[in-house]
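Two complexes follow with subunit A in common, the first pairing it with subunit B and the second with subunit C.
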Partner chain A sequence: MDFQSRLEARGLSRRDFIKLIGTVTAALQLPAIYQPRIAQAVENAANKPAVIWLEGQDCTGCTESILSSFNPGPTEIVLDLLSIRYHETIMAGAGETAESWLAENIKQGGYLLVVEGSIPTADDRFLTIGGRPFRQILQEAAANAAAVVPIGACACYGGIPAAGPTEAKGVQDIISGKPIINLPGCPVKPNWLLGTILHYLVFNQVPELDSNKRPLAYFGGLLHDNCPRRGHFEKGEFLTDWNDPAQKDFCLLLRGCKGPKTYTDCAQSWWNDGVNFCINASSPCAGCTQPEFYAAGLSDNRAGLAPLYVRTDTMSLPGIGGVNPETAGKVMAGASVAGAGIHLVGNIATGRLKQEKAEEGRRDK
Partner chain B sequence: MNTHHFPQRVAHALNLLAILALTASGFYIHRPSSPGLMGQVRYLHYIAGFVLLLNLAVRVYYAFFGRYRDYQEFKPNWRGLLQQIKYYFFLTKHEVKDGLYNPLQRLAYLGVVLLIVLQGITGFALGWPGGAMAFLVNLLGLAEIRAIHYLFTWVFITFIIIHLYLIFTEAPQALVEMFWRGKETNLNTGLNKKVARERI
Partner chain C sequence: MAQKIVIDPITRIEGHLKVEVEIENGKVVNAKASGTMARGIETLLKGKDPRDATYVTERVCGVCAGSHGWVSSVAVENAQGAKLPQTARVLRNLILGAMWLHDHPLHFYHLSALDYLDVTMVAYYQGQDPKLLAVKDKIVKLVKAGDTSPLLPRYKPDEFSVNDPDLVTTAVSHYLMALEMQAKAKKMSAIFSGKQPHQSSIVAGGVTMLPDLSKIEQFRSLLAEQSDYVEKVYWQDVLTFGAGPLLPLARAGVGGGHGHYLTYGGFPLDDKGKFLFPAGVIFDNQFGNVLPVDPAQISEAVKYSWYSEQTGSKNPSEGETIFDLNKPEAYSFVKAPRYNGKPMEVGPLARMLVLKPQPFMDLVTRYGIKPGAVARHAARAYETVLLAKAMPAWLDELEDLIKHGETRIHDTEHWDPPATGEGSGLIDAPRGALGHWIQISGHKIANYQMVVPTTWNHSPRDEHDQPGPLEQALIGVPVPDPENPVNVVRVVRSYDPCLACAIHIIQPESNRILEFQIG
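And now, the complex of A and B:
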């Protein structure tokens, strides 16, 4: 079956297909001139790009997110766009069959390895599949992969499980020597994953990444700089009372919004085909694309972004851990006031002040 | 002859105004309230920051190449440090007499220079995260840099508390002379002779 008739069999006209490619090109922030090239890459991928999808310590939220994609829809993703060889949540096979199929695909190599969920490092027994430690499965799968794409905060930086007892780590702490493209978020946004996969197919190389290994195309800008509530921030209108209708559109900074510290394109490309996103729905940004996401700061070695509804000001000092600069500053300033007071008592007791005055008196003469 | 010459007095006054403006506007930016002045307050914060940094640059240049150059006054005096600390703890009655500033003062003022530079660096990183300080943002993250910038503000406040207390109790005359041209005094007799010669 050629590509055209396969499209038609899925009820997609050529026009629908080109529209879809146009959307994806725009999402990649590439000029329209790339559109034919991307369409070509997708058509060439009639021997569709193989994807192996592993799940570690996760909530399947990222899978849900991808399957809730509108444009392209889940059927296009699963059946037309990608050849998903192994995915615990949506695959039909189970048990020995599925595991041997995974082993066979790993042997073939050259696939994209998508990882969802974190990896426990405290003890391998925290997560085993078919009796084998997840860490071992991940290392085997990564060894033959063309590139590794950790999706979601957990797979990228440890995420929410990192707050637990399993000493959860992201893929970048386990795997080395393979190109890693982090796509954080809680959950990941569908267009980030599809765009990154397409970018990889078109250019056959890893997109430009920042220091946290995130594609700059999606994570290059601060949320705060494009926030729809930015005007209220500039005017100093801050939401303090959730129940006051007059404040409902105000800036959420005082209610714990992490937008000024979070790199993401959420404000420009909204969720669910542009329906909404957190801040627009009156929820402060949780900073879910940041490595510090969900770290409390005081117990963790990172400056934290948790909890959600509180302005977090903790900073980390090497060797000491989390410190609240507000407390530290007040203690420091308070100690200096107390020290000055004690010193003043000493000055009076030893008669030093009088002495000074006498000296001055002499000088004035 | 005066303890503080006109350029030094101007630099000190500019420092005072800029640091006051920066601290006040900084606290507003840290915990904003209505009425909404965020844009204006931040603008003031930027202007005061540039004034402070430019003033520092000119002052440092002046300390080395100005008519009344005084870089010698800020050279750390490690030998006298212990005695000066003892003096403040009432363990000795004799202060270190060496130039205009005592050994602890020298360290404190050099520390302020360092503090202004660090505030400048973190401030630039916060104001323009994608700018020249982008590497720092990538290294530490904005949350950390913001916390450091805020903590340093408290270091400034601590410095000012101690600075004011010691000026009022130890050298009230110097306070007057820092703002107005003082009378002819012989406060300079303790000055390093080489500097004194240079000044003449």
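And now, the complex of A and C:
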């Protein structure tokens, strides 16, 4: 079958197809110059990429988030772009009909396994589907997957449930021997998933990741460095009263903002068709893309980011409010900053961290 | 002899649910609903900053996003002695109103409709409407390419399935339209709330963002589009189905239940207890006798839930729960809340029976519709129309408040947590009555408890062996072919279950709770 017929077989006109490639190139945050290459890769793929989507200890917020996508819209995602073989929240079948369909698709192999929600490790009985432990279902599905893409804080690192009695873990603590691409966030942002799937399809390899297995394309930069309120941080202008119009755009550090510790592109690429994001709504960043998001897990001693609305473990530096001691310490120890102004300390601290992050990522590969 | 069927997972709902039914002579004679996933959200809140509860409980559910954050804020405000500014109240109503506009149609088209539509009939569409022909073209080609996920596989269509090609093709085109509209509704909410799902703007004491006039206008124009769609597409489709092919199901009251209804009230219109959808209690289908809500009447039983027996039958304000995964009779992580000892249905049908809007009651009377699965869909659609009609006036109110200098959006004087305090928040979420209870001690959360809509609707049996509302509603449901229990899932989904919400755990003293033996 030639490409035109294959397109038609999917109910897509050539025009639809070109439009789709344009939007996904944008979703990948790649320049338009990549469009022909992406089109070529999609043309070469005989079928839409098969996706099996498992839900663990989740709230369905990541599914909701993917369905909040614009350009491509949810219809294009569900029917034109992906072949979503199994997804509890949207699929028609239920019970045995659904489970035998899952088994059949696992047997075929070669799919991308998207996982939403964490995995309880204290006791398998905290999550069973079809009478079977979720952990076991995940392991079976991962065995035949081309790659595993945990989405949202829970599936990547355990998320908020990690601090609960079920000892929830992320996929990377359960699955080994498969490429894992973590797309954290609470929830995941739609372009992160679409871009990653398309990247995989186009280049047939895992994108460049950091030490937390996050694509550098989306998680390589510190939110604080790109924050639209950064200027107020530099001037030492911090919001302390949401009612005061004069403070409307002030830095949210004193309201607990975790932006100085959080790697994400939220400041450059806003949410819900680009209408808003937490900091633009004067809400402090909660650090939802970080492994240490919210609270420490019960079974390890990671320090969490709680409490959310209170400035935490930052040292007071007059003029810039605060930098976390670890970061400041690294910088202070460097001779290069001797005599540097206090503003510079802040800049170098964050800038250098970012650079280290990228190097770490490259080392991991 | 009764034949047992287990449906696990129940798909197209939020969360993990298993339903077991026993069939005799083609009808359900016994039913058990089991929540099969637990996370322990309340447990981890213990010892945390009370204000974090808003953000953390927001994550209980990503579908009714905003509802838990909102109700949690009310509980924390109550405990901290904070007073919500009027402008913040209106903004919360608008943020949540947009999410209800997203949630209800999504439930109808994406979570329920596939139970009633024989999608394959699209192939027989003979009309000339170019939009519908495009839908036909798309579906037929997907079928030919052998790539019909997620529309197939499914349960076999039965005698209640809609198989008129025009109706089915129109419905499928609306399924696709509704996918775009729900994304736009979330965008609308995000304009005032940061992002959706999991907004960031609602915090204890108020909201963090006062929109400017251009944001209000952006919201208004998206609202106009939603309102038009809700009335002309969603409501019309529910009417067409309910008063058409599904009328026999509607008249038979398939999926009826106990006849007890509860609502805490939806969308506060002032700070004195006036709601767009008023609060009330109805017992035994006595629709004319609406009683006021008394939270002291709520208790939670755990006889059939995986929690320690010693914690049963307490009011949520003093509730504590300990896991017991080895309890022989237990079959669910959902507890069994009761009001005055009775299992209560919560949600749109409860709200519409308490409010009794004339056009809705006329419709029910004209067609002889009884409480049940179809009535739930009709109530959900009608309240969406009422909400969409109410929201433009809230935008006017917001503009008026700002014009008159009412720009306060937060009670900052009561932002810091007190040494001790306790409070509760009781407001309806899209799926029904939602309650949060908090106790503060040493400026930290000492105890946190939620009783959520699906806990009410999908509860297991209680200490007197009374079945939960869904379990009761399944009794008598026709299942002529045990291989094809499509009526069972129709009834289950009519409640719009949200299991992530329904299951929650509190623990008492230790921060680590593993009283059960692992393995």
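Everything below uses one rule, namely that the second predicted complex is superposed on the first by the 278 of 365 C-alpha atoms of A that agree within 3 Å, B and C clash if a C-alpha of one lies under 4 Å from a C-alpha of the other, contacts with A are read in each partner's own complex, and residues count from 1 in each chain.
The rule is simple: contacts are C-beta pairs under 8 Å (C-beta built on N, C-alpha and C of every residue); 3 or more make two chains touch, one makes a residue touch a chain.
Small disclaimer: the values here were computed from a predicted structure and weren't measured.
Q: Which partner does A:Leu253 contact after superposing on A: first (subunit B), second (subunit C), both, neither?
A: A:Leu253: touches subunit B, not subunit C.
Q: For A:Leu222 in the superposed arrangement: first (subunit B), second (subunit C), both or neither?
A: first
Q: First (subunit B), second (subunit C), both or neither: which does A:Glu234 touch?
A: first
Q: Touching A:Asp173 in the superposition: subunit B (first), subunit C (second), both, neither?
A: Touch partners of A:Asp173: none, neither subunit B nor subunit C.
Q: Which holds for A:Glu208: it touches subunit B only (first), subunit C only (second), both, or neither?
A: neither
Q: Applying the touch criterion given at the start, work out whether A:Glu292 contacts subunit B, subunit C, both or neither, answering first, second, both or neither.
A: first
Q: Using the touch definition from the top, list the residues of subunit A that touch subunit C in their complex.
A: Touching subunit C from subunit A are residues 8-11, 47-48, 55, 57-65, 67-70, 73-75, 78-79, 83-99, 101, 118, 120, 122-123, 125-131, 134, 159-161, 163-166, 168, 186-187, 241-243, 245, 248, 271-273, 275-278, 280-283, 286, 294-295, 298, 306-310.
Q: Give every residue of subunit A touching subunit B within the complex, in rising order.
A: 210-212, 222, 232-238, 253-254, 258, 260-261, 290-292, 302-305, 312-316, 323, 325-326, 328-330, 332-333, 335-337, 339-340, 343-344, 346-347, 350, 353, 356, 360, 363-364
Q: Quick check: in the complex, which residue numbers of subunit C touch subunit A?
A: For this pair, the touching residues of subunit C are 6-16, 18, 36-41, 43-44, 48-49, 51-52, 55-56, 59-63, 65, 110-111, 114, 119, 137-139, 141-142, 144-145, 147, 149-155, 176, 179-180, 182-183, 186-187, 189-198, 200-201, 203, 206-210, 218, 306, 323, 325, 407-410, 412, 485, 489, 500, 505, 507, 511-514, 516, 518-519.
Q: Quick one: which bits of subunit B touch subunit A in the complex? Just the residue numbers, please.
A: Against subunit A, subunit B makes touches at 31-39, 88, 90, 129, 138-144, 146-148, 150-151, 153-155, 157-158, 161-162, 165, 169-170, 172-173, 183, 185-187.
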